[in-house]
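Below you'll find the structure I mean.
Chain nomenclature is as follows: A, B, C and D, assigned in order of appearance, with residue numbering initiated at 1 for each chain independently.
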Amino acid sequence: MAPNVLKLACPNRRGIVATVSNMLFEAGFNIREAAQYDDHETGQFFMRVAFDGSGARADLEARLGATEKHFQMTSSLRFDKRPQRVLVLVSRFDHCLADLLYRQYVGEMNMQIAGVVANYPRETFARLDFDGAPFHYLPITKDTKKEQEKRLFEVIDETEADLIVLARYMQVLSDEATERLAGRCINIHHSFLPGFKGARPYHQAHARGVKLIGATAHYVTGELDEGPIIEQDVERVSHGDTPDALVRKGRDIERRVLARAVRYHIDDRVMINGPRTVVFPD
Amino acid sequence: MAPNVLKLACPNRRGIVATVSNMLFEAGFNIREAAQYDDHETGQFFMRVAFDGSGARADLEARLGATEKHFQMTSSLRFDKRPQRVLVLVSRFDHCLADLLYRQYVGEMNMQIAGVVANYPRETFARLDFDGAPFHYLPITKDTKKEQEKRLFEVIDETEADLIVLARYMQVLSDEATERLAGRCINIHHSFLPGFKGARPYHQAHARGVKLIGATAHYVTGELDEGPIIEQDVERVSHGDTPDALVRKGRDIERRVLARAVRYHIDDRVMINGPRTVVFPD
Amino acid sequence: MAPNVLKLACPNRRGIVATVSNMLFEAGFNIREAAQYDDHETGQFFMRVAFDGSGARADLEARLGATEKHFQMTSSLRFDKRPQRVLVLVSRFDHCLADLLYRQYVGEMNMQIAGVVANYPRETFARLDFDGAPFHYLPITKDTKKEQEKRLFEVIDETEADLIVLARYMQVLSDEATERLAGRCINIHHSFLPGFKGARPYHQAHARGVKLIGATAHYVTGELDEGPIIEQDVERVSHGDTPDALVRKGRDIERRVLARAVRYHIDDRVMINGPRTVVFPD
Amino acid sequence: MAPNVLKLACPNRRGIVATVSNMLFEAGFNIREAAQYDDHETGQFFMRVAFDGSGARADLEARLGATEKHFQMTSSLRFDKRPQRVLVLVSRFDHCLADLLYRQYVGEMNMQIAGVVANYPRETFARLDFDGAPFHYLPITKDTKKEQEKRLFEVIDETEADLIVLARYMQVLSDEATERLAGRCINIHHSFLPGFKGARPYHQAHARGVKLIGATAHYVTGELDEGPIIEQDVERVSHGDTPDALVRKGRDIERRVLARAVRYHIDDRVMINGPRTVVFPD
């Protein structure tokens, strides 16, 4: 059985690790994996503990409540390792969606794709087997943006989605939406050195003659493409790569960076630390 | 003996490769390596030919003159494979300078460091053996900037430098200077996804929580850090990397990216194509 | 229109490039891309020319015949850029097959999957849409190995396959088979530093504590996993990666290395040079 | 001040983390960084704790003694963060030595190079500034091998070396020597996919046409080049890379892989787990 996970954050002071370790021990649990990070700049302390054992959840929760109070701690406890319910939002390009579907199919991620939302109709993805996940066609125009987003949140509620993945969803969410989805909505976008603003970024990158192209997966915030970064990667390109070739290479980078970020999130390995993240690798 | 190199560029049309190949053949030379790039967007054609053989230089030059006229071609011919004379400019941080000196020492680059210029005194680099290269201390203040640059150009002339390398030279050259050094002055600077403006970039990168840091080597133009890119590379970092750790990792990336760019330039593998480069790899 | 491609190899001597360039020019063609490699050890010269234009194929072929004789040259000419017909052989693991199918679907490779052969029944790949490619179930036992291979060659003939891809096909081909498929059969296998022999290599790699795992795509020869290498890549792993995690990361590397190798082959970018390859990158 | 470090290993059972955390807390210390690894195959548990605070060392040692007994634990305690004394052994090629000297010079490693041993005379390294480290010329012949090694161990004792680095030291140590240096002697060697035995490995790699070359840093054991791996890295090469070019690229990989391994060791981030290592990254 996969272990339970406790994540916590609090101002750093003496005795946190000892207290938390004791708490788990006394509640009848065994620590299988522990990692922590002590942010010297902010004084904030982050800890992730994976544990198993025969203790009672209610007992642990009671102890945790006392610990939280004592250390001014915020925590999250995942006891039931049921697959995380993931809602995937997509526009026209389906390489990230197809990749997530394949990873679900071979069982390498502890997730269930609970639904697919697109502003393109089902035929756009005719070849993809959604493996039973319901499809929601939510077209969008300038006039229906607000309404469409309302409908989107109904789908999020209906599907009981734990995580929303913008898998090349080319629509900007409203501030209200990003606020409601804070910490549980991951976006993937291309990244270049240097960066480019505006349309057709791969064409801009080609015009500028970059030698590396990359992708960034991050939590969505009100600031477009600027939320806490979870994962990044790059690939080498040359002057001979046409814009089309950059787009093709970009697909490969985007799908693997997004998959890693989703995995880290699903395995409770990511904690948000202001404008950045703490990622405890496996 | 290392082969001679001919680089050329012209509007693309039928017969260029055939003409150039014939020209070398008829002049008594043998092509050892040839590479070309056909920029479909601009219609510009680029070619690099390495060749050896017993032909006469004057004869080849005469033929090349005719070919240039015919194809509206610009070309450069390196016949004499003497080491390129390199002038290294540096401020306080000497990791790139030390690395270039080591590469000269083991003989892996076809270059001779013809001089070192710094706005810090020789003691700053006390540990480094310049291997006979003269040192020029050119301090700079807001008031002496113009004068210092004039003195710099005297050194460039005296040393007969083929290539100027800004090896972490923390001074901005004047527009007049960058113009005079167009295509023969290489700079190295850090690069991040996303990019950062202003001071202490590694600290900014840490604050933003990037997962990759990188470096870019480029030709210097009037636009700061924006000239044609020759080479880039990155390294993975994590939330646990302090700004100091980023600076340390940055040193490693900077020195290897700069060394590769200098090598490509010295081996006549780089051609400038407007805002970008064509790099013919070995 | 995609350009035609001429690949050739011959002992190096003066005048090859000039002759070939003239030949194409005089036959009415224009060189779009040319690359060559001069193997100083063996004295063998390799060249790849992509070209277009309004010349006649028959005329070019006649000229090429004369050139071949003159230079003791072997060559291959791709005039008709029809998609290459690819037969994919697979056992139980379908990540490489699924990836090739997706790449065909988005149209990023100039290929048509002409058939899928497996020693597992169609249900094993129930989720995969073969996009019309016929499926051939060729089970194999120790006793039927010879017969199965005979049937395999019938399928190869029926499908008129240009390229055979062993996409994690866990059967060893007979010497006779590898000979018949020389230069048009690509295999993918895991690679480690150091290497491991025998079963369950990812488990061995874990036991040995390697910090990198990789994959190699190569042409199949009589010597198992030892043919000319086309492409390799690696990914970083740690002590914390279980054998299952290595297998998972291995899937990602295998599919991308195989896809690159297939692309290079299909675009006529690979030439075999004894025990190794010359790969002219795009 | 850099924190103290406790490393420990024992059979896994409930309560270890709690006990160790309490022990440090009660002795007056504060945990700054903790990482652990639970080897599910062997049942062995590994932990690294960095801590600071005003407790007394003797008190902590007494408590640690009791804890060790209770859990059948082996541990090592670094209280005094003085620079580690490193003895560098080298033959003719000095790129790793030069790199370590530079890293000491800029102060990025918590080490002091306590001596340099070579089977080549001081002139071989004339250009290198050893920064005060004594040089020991220990030539070796088939007949003097035993004696030379005896002299080597005298140097190790005299210099009070904590760590012995074989920085391209092309001599095989005796079994007796590797046993005496177990866990404190790091070697660097080239690595390829596939691997090669025998002389001139870069030439073999070229002959085989590999597309990646790499290096491995490992603890030295009786089995040549087979000890527990600390760090590995690779770089991409092509058919165009001559054996000399592979050697050149190999130098870059070797120096950075060795430097990382030495850093991990010096910062007490490596623990040996039978034939492999646990590396707790920073």
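Note that in this section a contact is a pair of C-beta atoms (placed from the backbone, for glycine too) under 8 Å apart; a residue touches a chain by one contact, two chains touch by 3 or more.
Given the structure is predicted, the values throughout are model-derived calculations rather than measurements.
Trainee: Between A-D, A-B or A-C, which shows the same interface as B-D, counting it as a repeat when over half of the contact pairs match?
Mentor: A-C
Trainee: Could you tell me which chain lies farthest from chain D when each chain's centre is the average position of its Cα atoms?
Mentor: C
Trainee: If you tally the C-beta contacts for C-D and for A-C, which one comes out higher?
Mentor: Pair with more contacting C-beta pairs, C-D versus A-C: C-D.
Trainee: As a quick test, compute the distance in whole Å between the mean CA positions of chain C and chain D.
Mentor: Chain C and chain D have C-alpha centres separated by 41 Å.
Trainee: If you average the Cα atoms of chain A and of chain C to get two centres, how far apart are those centres in Å?
Mentor: So the centre of chain A lies 36 Å away from the centre of chain C.
Trainee: Going by the contact rule already set, what residues in chain B reach two or more other chains?
Mentor: Where chain B meets two or more other chains at a single residue, that happens at 37, 238, 240, 281.
Trainee: Based on which chains touch which, is the overall arrangement a line, ring, star, complete graph, or other?
Mentor: Basically all the chains touch each other, so complete.
Trainee: Can you list the residues on chain D that touch chain B in the complex?
Mentor: Against chain B, the touching part of chain D is residues 95, 98, 102, 105-106, 108, 127, 129, 131, 238, 240-241, 245, 248, 251-252, 256, 281-282.
Trainee: Across the complex, what residues on chain C touch chain D?
Mentor: 37, 40, 191-195, 207-212, 214, 216, 226, 228-234, 238-240, 242, 273, 275-279, 281
Trainee: For chain C, which residues are in contact with chain B within the complex?
Mentor: So the residues of chain C touching chain B come out as 13-18, 21-22, 24-25, 30-36, 38, 53, 236.
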